[in-house]
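Look for chain A in each of the two complexes below; its partner is chain B in the first and chain C in the second.
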Partner chain A sequence: MGLSAVAGLALVLYAVFLVLPVLLSLETSFTNQNILFPGSKFVGLANYARLLHDSSFFSSIEFTLGLAAGATIAANVIGLCLALLLNRTGLSYRILRTLAFLPQVISGIIVGFVWSWMLSPTGLVNSLLTGTGLVSQPVNWLGEPRLATLSVGVVVSWVLSGFTTVVYLAALQNIPRELYEASSIDGASSRQQFRLITFRMVAPATTISVVISLITVLKLYDIITAMTNGGPGFATRSVAMYIISVGFSDDAYGYASSIAMVLLVLTGVLALSVTAVLRRREVSL
Partner chain B sequence: MIAQERTAAAWAPGTPAPRRSAGRVARQVRAQARAILAVLVILAFVIPIYLTVVNAFKTNPAINSSPGSVPLHPTLGNLSAALRQPGDVLQVGLRNSVIVVACSVALLIPLGSAFSFWITRKRTRPRAVIIAVLAAGLMIPPQITVLPVIRILVHLGLDHSYPGLILSNIGGGYLSFAVFVYVGFLRAIPAEVVEAARIDGASSLRIWWTIIMPLVRPATATVGIFLSLWIWNDFLNPLLIIGPISGQTVTVGLYDSVSSQVQPDYGLQFGFMFLAALIPVAGYLLAQKQFRAGLTVGASR
Partner chain C sequence: MMYRRCLAAAVTAGLLLLAACSSSPAQSSAGGSSGTTLTYLTFLSPDLTAQFWAKSIAAAEKSVPGVTIKQDVSPTTDRDTYAKQLLQAGEFPDLLESITPSLYTSAGLLTPYSASWIKANFILPNDIKGEDYIPPTNSQIIPLVYYNKALFARAGVTPPATWAEFMADCAKLKQRGIVPIELGGHDSFAAAMPLTGALSADVLGSDPGWIQQRYAGTVKFTDPDVVAAATKMRTLVTDGYFEPDALSVSYAQSITNFNDGKAAMYPMGSWYLGSIPKSEWSNIGVFPWPTNNGSLVIPFSLGGSMAVSSKAPDQAAAFKFAESWSLNPDNLKSLISGDGAFPMLKGRSLASYGLSLSPAFHSSYSYVTSKNTKVSSMSWATNDDAFPGNMTDEFDAAAQSLFSSSNVRGVMQQLDQDWTDATASS
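Entry: the complex of A and B
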């Protein structure tokens, strides 16, 4: 058995468990198949036509895109600021840097449960708010659609910031110190140094960090499931959650596949176009 | 930024002495303000984790009356309650998670590195196409593949089984990540290293195992650490591929146990969460150095 046999095995597994499922999903999206009765018939574009009249689908798209944009921007701004703040030598800063990544290490299920407990009407956040007199009555963070959407956004940004901080820190530590030394001899202010050196030098890391954050949010499932399970009503149900709910609970496998295709195209187009824009920015900065 | 300013002040020739000492006081104040700010921000980062740890050791009345305090009368009741659940959800879950992570990662590392070594030595157009198809796996949401994967596993007679879950882990997007990391590392290895071994008559498989694998050890650390973490914390795939019958991984077991409580028993929940998070957190703290090295590699590419 040679090296090409091992490599071939990897390719076969990838073909069977990633390429084939995507193709099967595409094929299924043109049928009325469901899980219990695999006998199905070709229905053409009927599933896609149904999508156009499905308000649940559109509200899940709206929520997902809003969350993706909001959390990606927030997490990258927070990540860069936090990385600048923590980019110091010394043991205490090293410990702080270690702790910053912790939200990424524990499972999204735990993150979701703890936050939903903290945000409950009798939870810690409300007792802090009422205790300090900032609000007179407990806020129903997860019980009201707009507040629940906001709360999910904050929690997702919080988790993602752990990741972006570490990426930006790594980028900051790779910037040659001579750049700062030379520029300060030339009389550059620290603001100029940030704009002309730091901001440009972290541009490649920004591209990676933004694109990974975006993809992460588009396929996010566990945190929201544990935190709100899509509620109240379906206010915080993402496209990813809608696919699973249609495919499993409603057994409408064909229809679920058409939603899956939309998510696939959406993710691909967004990831590739954002990458292209940010790559061009790296050069032009 | 302040760090750079300090270097700048120390460097700047001919800076008058009095201004310098006034500047030092201002710098010290700013350094302290920065440290306080850094601690406050990080506090916000770790508060949910802190709450999980302290409340895992409190009774339910204590959790309700003072959720944020350290346990004044620490109890092990929550941990033992978590370990005494029907069907031993926690123990079975931990065992299953360890098996899934160990088997998946132990197979993903040789497959990913051997494939990457093989593909980087191909100089033809198919290489670019194959790498692009593999890279696509990094951004395909699992919700798109999980339903057809179950159908494929049914055909193979591996549905609702751990071999099925492990097989789909190996062939899925995790492989893309492993290849992405290894290909980046292998590009930095000079071709002469391989050529020299080839002249000595070593087979490709032998060169990969005895020369390449030791050279890409940092990549192996990165792949091993990140994939272990992701597979341990994976929720969707085990939830749907294993199903409720044959005993779950710890992440799904935790979700099932907590979400099925009609009257929430927070003590039990925190005990369960504490024990479920112990292994990944301990692993992260132990492997921290390689962790950062891995991210540095990823970010600088």
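Entry: the complex of A and C
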């Protein structure tokens, strides 16, 4: 009975907090609901048709997809490298593993504000660059559109790497040592061991890590808002930020819901596609 | 059997959850002042601290015995977005501090103040379709151009009256190795100050009804006069007259930079007056944004305090509290000294507040009191000339875009599209 109650509660929570809001949002996306006025009218696919001509929507999609691709790849490469380096016993390595996870436990808003200061003309990064003579003038990290995009990408990759490192560490620790021992006897080099054993055996972790990283970045809001607020000139405005702007500044709740639905479908399609592709790599012993 | 148990558990859990999650109505009693709680949306700033609000609310509560004011502090200074989120959650505040009333009036969410009370107490009304939804207790000029007298003297320049003189001053300052203009463009509203200045002076200076005509669709941001005014901002960028990495410098840092003498001029709303350190009082001067022909055009914005929700349960008590708070001279003193607000109460001179204010404040205030051409500050007005929807954000972003885009007409074209989208949603 205890187990049934837990399962039942989980089902209810899932339905109430996940399924129901999505269904309500879908319903709203077919209306002209304005948050200032009660009541709304069914407008069919008008909101979705409007999306096709919305250049701001396409700009935000382009930025979000670029960020998702770049940050996912970077975070997973960094995560695997860090996991390989930290996959050793000893107190110092345990401390380092804890520190590697630190970016994940800090609030996104705080991450954004701190990096916003660090990347300012008088911030830590520019002070180090000018102090060491690497550059003669502070770099315009957050003021130039491409550099601002790069800066956001680096920070998001850094945050995600905390998660990916932990995932890859767990995977590395589950690889049977006998595989390495046997390959050593057969004369395999460390590079061959990595390519033919390590990289293949962490494939399931890669699937999880890549898909979750992708989903996380596609719906990102807090870090970007705190770092750049979507600027300069909306160059770093994500889809999630655009949804908030349309819904709560333009008051076009119905239209905002349609953008949210598109983001949901896009996220689902990308997540499922990437999962399908990566699962083919997975090896079972 | 297992399935039935699971289903029974799910139904029980669901009923419990729905009971726990069902929203309760606002904890204020309907009808009668006794025991009424009114929610009050406020916000925090360096001058409007938690202590300020506690003190000012307590003072005004004395005028409404039996009424309790419950503060709801906005997590950011964007009160409007927060107010709309509360509206969506069914918790629209009864009293709202310094919001943009035009965003709510078409939906009937605010109750106007009595016209006779406005006329009796304030120098100017701040109408939206003939009604005042916030008491016009203070005003701002957005922007003025503050300048460092010592740096001007070093470069041998004087405060300009015309655009040509302004550009010549900038060139001379730059030649002397002095940064002509501090911007603080990382915060988009600060980035837009020169654009606001240029469009207010040139476009609204020639045609004060331009914003109403934009609503009517008879003018556009792509009209030649508007593009010409916006091109001034682009010219300032290409000529290198802003501080290096202007879009990376935060608004807070820009105040520090200008106060530390790192730039000669600082276009900013008159609230900057509250940030001039006493040590710099004699060194900071002010002049209005220069026009093409040197005529004086003042981009003016009437502001105020509290709006009253039409859904507030006790309208009489809400207005009594709001009126008491708005007319309390101690509250205005904080706004004057900390926020550079120009008081607009009838029958009270600036001197009557007993404050020691900088020469720059007195110079700026003289533009309010003297007869000159006052126009709405482009994108800052809170009356009928207020921008629709999120147009202010789009306008500010357009200013930032002019740093990377040489296509001024294209940027203005996007503003026209944004205006169409914003007015379509209203």
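One rule holds in what follows: the second predicted complex is superposed on the first by the 268 of 285 C-alpha atoms of A that agree within 3 Å, B and C clash if a C-alpha of one lies under 4 Å from a C-alpha of the other, contacts with A are read in each partner's own complex, and residues count from 1 in each chain.
One rule holds for everything that comes next: contacts are C-beta pairs under 8 Å (C-beta built on N, C-alpha and C of every residue); 3 or more make two chains touch, one makes a residue touch a chain.
Quick caveat, the model's predicted, so the values are computed rather than measured.
By the document's definition of touching, of the two partners only chain C reaches A:Asn34; chain B does not. When the two structures are aligned on the shared chain, A:Val16 is found in touch with chain B and with chain C.
Once chain A of one complex is fitted onto chain A of the other, the partner contacts of A:Leu84 are limited to chain B, with no touch recorded for chain C. In the superposition on chain A, contact of A:Ala7 is made with both chain B and chain C.
In the superposition on chain A, contact of A:Leu24 is made with chain B only, not with chain C. Looking at the shared chain after the overlay, A:Ser190 reaches chain B, while chain C stays out of its contact range.
Using the contact criterion defined above for the overlaid structures, shared-chain residue A:Gly133 touches neither chain B nor chain C, since it reaches no partner. Set against each other, chain B and chain C touch different numbers of residues in chain A, with B touching more.
In the superposed model, A:Asp222 lies in contact with chain B only, and not with chain C. In the overlay built on the shared chain, the residue A:Ile243 is in contact with chain B alone; chain C does not reach it. When both complexes are aligned on chain A by C-alpha atoms, chain A residues 1, 4, 7, 9, 11, 13, 15-16, 35, 122, 229, 244, 248, 253 touch chain B in the first and chain C in the second.
On the chain A side of its complex with chain B, the touching residues are 1-4, 6-7, 9-11, 13-22, 24-25, 28, 35, 38, 82, 84-89, 92-93, 96, 98-103, 105-111, 113-115, 117-118, 122-124, 127, 158, 161-162, 166-168, 170-171, 173-174, 177, 180-181, 184-185, 190, 193-194, 198, 204-205, 208-209, 215, 218-219, 221-222, 225-226, 229, 240, 243-244, 247-248, 253, 256-257, 260-261, 263-264, 267-268, 271. Listed in rising order, the residues of chain A touching chain C in the complex are 1, 4-5, 7-9, 11-13, 15-16, 34-37, 54-56, 116, 119-122, 137-145, 228-235, 244-246, 248-253, 255. Interface of chain B with chain A (complex): residues 1-5, 7-8, 11-12, 34-35, 37-39, 41-42, 44-46, 48-49, 51-52, 64, 67-68, 110-112, 114-115, 117-119, 130, 133-134, 136-149, 151-152, 167-168, 170-173, 175-176, 203-205, 207-208, 229, 232-233, 235-236, 240, 251, 254-255, 258-259, 266, 269, 273, 276-277, 280-281, 284-285, 288, 291-292, 295-296, 298-301.
The touching residues of chain C, when paired with chain A in their complex, are 2, 5-14, 17-18, 21, 80-81, 84-85, 87-88, 103-104, 106-107, 109, 185-188, 191, 244-250, 253, 389-390, 393, 397-398, 400-405, 414, 417-418, 421-422, 425-426.
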